[in-house]
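Below: one structure in structure tokens.
Read from first to last, the chains carry the letters A, B and C; within each, the first residue is number 1.
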Amino acid sequence: MTLSYIIESIISGILLGGIYAILSVGFGLTWGTMKVLNISHSVFAVLGAFVSYWLFVKLKVDPILSLPLIVIILFSSGAIIYKLVIRPVQRAKDVIMASMVATFGVAIVVENVMSYFWRPDPRILKPAYASSSIFLGEISISQGPLIGFIMAICAISLLYWFLNHTYIGKGVQATWQNPIGAALVGINQERVSLITFGLSIASAGAAGVAMALIYAFYPSVQSIWTLFVFLVTIVGGVGSVIGTGLAGLLIGSIIGICAAFLPFVWVNVLLFALLLVILLFKPEGLFGN
Amino acid sequence: MLKVNKLYVEYDGVPALRDISLIVNEKEIVSVVGANGGGKTTLLRTISGLIKPTSGTIEFMGEEIHTLSPHEICMRRLIQVPEGRQLFPKMKVIDNLKMGAYLPEARKNLPQSLERVYKLFPIFKERTKQKAALLSGGEQQMLAISRALMSMPKLLMLDEPSEGLSPLFTDNVFETLKILKEQGMTILLVSQEVERSLELSDRAYVLENGQIIMEGKGGELLCNDKVREAYLGM
Amino acid sequence: MRDKTNGRYMKYGLFLIVMFMLFVFPVLKPPLFFLSLLFTAYMYVALAESWNLMGGYTGYISLGHIAFFSTGAYTTAVFMNRFGVSPFATALLGGFFAAVLAALVGYPVLRLKGAYFTISSLLLAVVMQLIFMNWDFVGSSVGLWYKLLPVSIEINRMIFYEVMLFLATAITLIVRWVEKSKFGAGLIAIREDEDVAKTMGINSPWLKMKAFILGAFFAGVIGGVYGYYIAYVHPEVTFNINTSLLILLMSFFGGCRTWVGPLFGAIVLSLVNQLIVTFIGAEISRILYGMLLVVVIIFMPDGVIHYIRGLFVHRKIRHGDSIL
């Protein structure tokens, strides 16, 4: 075990962490702002991966080029789910619990529709550049994760910019901080919610493409991705974009370091046990306020 | 300008407002006074569309608005400064003001509105970057009023603007209202500060247990024995 | 007064007749498919009822019920496969292990509320699944095989049919008794408002713990019998998240405020589910019950029984209201 091997592991862990961050950021956003705990979040990441995969395999469209299209498709799916499921559920007494159970249903439906039409076999998104590596001295960095990471950073920055520098984004925050105040300055809460939810799903779609550049994906992988989303979101503090970003990087590094010494399955056991511990002792997250 | 007609509101089946009718004319200050829990806040929230009435109508500038949602009512520039201020605590002062100008019409007028607010409350010009939560109670109230002004109200409704404030800031609030009146603003004021509200107002209504029990010119009510006894402790 | 007692005797009579008919059903030598269909239905009745102790009465929605179920199944499997012990007593032992696990996990996890509790319970199941996948002693990802009872398949199915019928009946009756007891009233008070319940002198941590352990014990026993029945355990079979969700859906569908709800929901949905899985496909079945879950949460949060009754009584049920 050489030093460069450890450094490589850490770097690939960080790259992975960035992707986990974008996978989680939308989930934390809807939970924090709309009080909607969307279990179906990562199933839409898988859907994004599938759409990108088919565009690549059938039409030879590069995943990077098809990304805007995927964002649009998933935003629309999010808007539909919002109208059909989330909006009615928001009338419940305990929105978090009701949305959690209802979106569990959505996750099952979407997962099994995918599995029905596209078979449950694992697939991987492999454009030519994804399998080559960049060398920095002795250290090699594979391009797949690197491109995924760059996509993730761009998406997070865009989301951050949207939330803090546009009127609608600020409206989202205002609604979160004070719903009555927001209604009284003329913010249309239904519209703001729809946009928030749509963006959240769109970000999941983009994350799915990034994930697919690294890992094999199949419909039922969504439940594992969901657990990672929970992990990152809880560690980062629900609803904080920056916190989620940091948490993603932190967890990625942990994965990177552990993976250098442990078999991969035990890394997962370790991480989920860690999540349990955090839930028990610091449910507001490590970077939350 | 604003016409509330035979308004009934229920909360979980319990009547909160019964048969309320009131009118606010252009460039008037009208106040609604009465004890706590009398339904004053419910009245303003219903006018703003946060609560839907069981029956009755609300008309603003000749248009029925009681079926509209809050943001549509804001679009008609009927703006409320709510009880408890309802600011955005984690946002800066400037962002709170900008949120006041969220709707397109107000957004176009942003620089002029800011100018106007800064003239009224110069401290905000110095403290644009401060978080709203870190302002004092009085300053927060000023910010709430300013935010409402950013929406360019045709009619400004204020719900207990002096609640929980020191005498100094209470003076400040009523001073501000006087200035706004001189600028030609139409105002509907809800307050427990009966004496000062009546002094300031052209007309006033006394609301008790969800019903209007008295109405008249501000000065007249101020001289009314019942009002003096019940609210002014004389 | 007299009518009331008569009505009660009628109910008991009807109950005994139905139970007797179910009991003698295997004697008619029905096709095996029917026996396994009903076996599974009974199993889901027992699981849904035991889940409902926590999920329904206290509103602590657990997705970790399969962890206890699997504990039972694996107890049987390990005893059969490794030690060659094969009496039904291992089912009770499975229940015991599940209860111990619940006690250990419950102490920290029951302090969490709402979604945090649900997620933790889900994590429990997932972490256990991952551990079992990689633990050679319990067969890791290969699973454990062992012998069926040394009798003909017909007799075999018949025995398990009767055992599961007994379990489902016993658990349902116990849950019904809990519901009507002071214990049950305490649990329901916790659902209404835990803080208020505490001020009323209800020892909520202890009550939750009791309900959690009792539910886990039942799940362990059921798992123990199930492990014996299929003669094969594998982490992906016993720890299937879909099973947890199906149990939840059954309770919600029937109505999780009373013992009748899970009973009704489990019978209807498990039969429908198995028929669709057998004749159409597992994916279609999951798609349908995922949709059903959404519909139930949005339109009939108190369950279908309550909803239908509401339609007849013309009482307005508000959408999305009630325990959620």
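Keep this in mind: a residue touches a chain if its C-beta (ideal position, glycine included) is under 8 Å from a C-beta of that chain, and two chains touch if they have at least 3 such contacts.
Computed from a predicted structure; not experimentally measured.
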Task: Chain pair that, of all pairs, has the most C-beta pairs in contact - done: A-C
- [ ] Work out per-chain C-alpha centres and flag the one nearest the whole-protein C-alpha centre.
- [x] A
Open item on the list: What's the distance between the Cα centroids of subunit A and subunit B, rounded to whole Å?
Closed with: 43
- [ ] Could you tell me the distance, in whole angstrom, between the mean C-alpha positions of subunit B and subunit C?
- [x] 55
Task: Length of the line joining the C-alpha centres of subunit A and subunit C, rounded to whole Å - done: 33
TODO: Would you pull the subunit A residues touching subunit C in the complex into a rising list?
DONE: 37, 84-85, 88-94, 96-98, 100-102, 104-109, 111-113, 115-116, 223, 227, 230, 263, 265-266, 268-269, 272-273, 275-276, 279-280, 283
Open item on the list: Looking at the complex, which residues from subunit B come into contact with subunit A?
Closed with: 48-50, 69-71, 74-75, 79-80, 82, 85-91, 95, 98-100, 102-103, 106-107, 147, 151
Task: Residues on subunit A engaged by subunit B in the complex (per definition of touch) - done: 167, 170-171, 173-174, 177-178, 180-189
Open item on the list: Per the contact definition, I'd like the list of subunit C residues that touch subunit A in the complex.
Closed with: 59, 61, 108-109, 111-112, 114-116, 118-120, 122-124, 126-127, 130-131, 133-134, 241-242, 245, 248-249, 252, 281, 283-284, 286-287, 289-294, 297-298, 301, 318-324
